[in-house]
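So, here come the structures, one by one.
Both of the next two complexes hold chain A, though its partner changes from chain B to chain C.
Coming up: the complex of A and B.
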């Protein structure tokens, strides 16, 4: 497990640091994406998450879901072009899962990428992510990640 | 590729006299932009006063809440375009120099009509 300023970054994931997204490669060539610990901290208590519909085609960098907290609204941007293969209805029903379990129960969508290898080149592993997030958090004036009760690594 | 997320135009005609009406329109615009819709706001009549320097900085929809200028900045950060009606500038004795930097431009009635006609969704506050 990677750690930067009390923010957890699992070692088995890839990261898109500018959009604060993690990626887990699944068997069969699909990818699972979600918000990082840093993203859930910046958002605060998340009250709504609305992933787009299964079957929708998305372009790299475009929104696959919108997330709202009491103080923020923003997109979840896909690091891959492709088609939404599955969405996590649990986060629609209880968006606080994104605060409690950003890396496990809080996955948002699964995507069937058009070019897995090509788009993966834009992502970084945990070691590089730690270095990039150190600068990112300094820029955002974020001293530390905040974990709610029941937080799951 | 199905990447057309539509367009939204929000006409804002109410202003600082009714502060409780001044946060939601910016929030809706921000949400539309977050969903990758083309989002723009057009300020007319008293809405124009929200684009005047020094107004939104000192206004909140509920006492002690987030300042309207922060709603405006959130919307800009998400890519929302903001336009002010030229006639409403005159109505309030304002010039372009009175407008906050978040305002993209001053437009006329033809632009505003066209914006409404070509948008997938129009909201009026």
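Coming up: the complex of A and C.
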């Protein structure tokens, strides 16, 4: 498990640091994506998450879900072009899962990428992510990640 | 032109850049009706709630604009322009100045030009902008969250946990809402979106927060599609 300023970064994931997204490669060529610990900290208590419908086509860099906290709203940007294969209805019903379990229960969508190999090139592994997040958090003036009660690694 | 304040910040920014932004404010069609001159009486400051809590003065805005002090103008445009609560108590001015309206125009110029300070100031309020532009209601009950209102103590926890129950206790059915201040019809939402789009307000949002713009466009255009409208029709209206 990678750690930067109390923010957890699991070693088995890939990261898109500028958009604060993690990626887990699944069997069968699909990818699972979600928000990082840093993203959930920046958002605060998340109250809504609305992933797009299954079957929707999505372009790299565009939104696959909308996330809302008290006064903030933002997109979950897809690091892959492709089609939404599955969405996590649990986070629609209880968006606080994104704060509680950002890397496990809090996956947002699974995507069938058009070009897995090509789009994956823009992602980084945990070691590089740690270095990039150190700068990112400095820039955002974020001292450390905040974990709510019941937070799951 | 010397600055009213010799220690004005942003000395490194070219005067031409400051002047161009200053001119955008003074060329606004509302500008001739908001500033007539200043007695420096301070009545506006005495009436101003923001002046009580911040290093902020509506009088300074009137003074700086009247003196055409572009250096201090640029400092105000980047800093204290966001400290105003836009309550317009300052319209008690005996010269009929309206410092609050000067600030309205300045904020629009800051946003239209995508100033980094404007982006930063508005970043924390993206959901409020989203609500206004997608529903026409500004504040939603579910904004009452413990981490946003720590000063409410336990009260905000109780309210947040049972929000739907509290809302159902309000007599008008149109207010039994959690995500909106009151019920808004889809027709109203679509009309609003058309107004934002046709008047260029969406572009303004794109300048300030590209992510928010993307969400707004997607959510509203999906709603349009559901109602059988073709978004290209709007472009045709624009061309006409």
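General remarks:
The rule we apply is simple: the second predicted complex is superposed on the first by the 153 of 153 C-alpha atoms of A that agree within 3 Å, B and C clash if a C-alpha of one lies under 4 Å from a C-alpha of the other, contacts with A are read in each partner's own complex, and residues count from 1 in each chain.
In the analysis below, a residue touches a chain if its C-beta (ideal position, glycine included) is under 8 Å from a C-beta of that chain, and two chains touch if they have at least 3 such contacts.
Since the structure is predicted, the reported quantities are computational estimates derived from the model, not experimental observations.
Partners chain B and chain C, once the complexes are superposed on chain A, run into each other and clash.
Shared-chain residue A:59: touches chain B; no touch with chain C. After overlaying the two complexes on the shared chain, residue contacts for A:47 are found with chain C alone; chain B is out of touch.
When the shared chain is aligned, chain C comes close enough to touch A:69, but chain B does not.
When the two complexes are overlaid on their common chain A, residue A:3 makes contact with neither chain B nor chain C. Among the options 41-49, 59-67 or 77-85, the segment of chain C that ends up inside chain B in the superposed model is 77-85.
Of the residues of chain A, those at positions 62-63, 66, 68, 71-75 touch chain B in one of the two structures and chain C in the other. Of all residues in chain A, those touching chain B in their complex are 56-59, 62-63, 66, 68, 71-75, 81. The touching residues of chain B, when paired with chain A in their complex, are 1-3, 5, 27, 30-31, 34-36, 66, 74, 78.
On the side of chain A, the complex with chain C involves touching residues 44-45, 47-48, 62-63, 66, 68-75, 77.
The residues of chain C lying in touch with chain A in their complex are 123-128, 130, 142-148, 179, 211-212, 214-215, 218-219.
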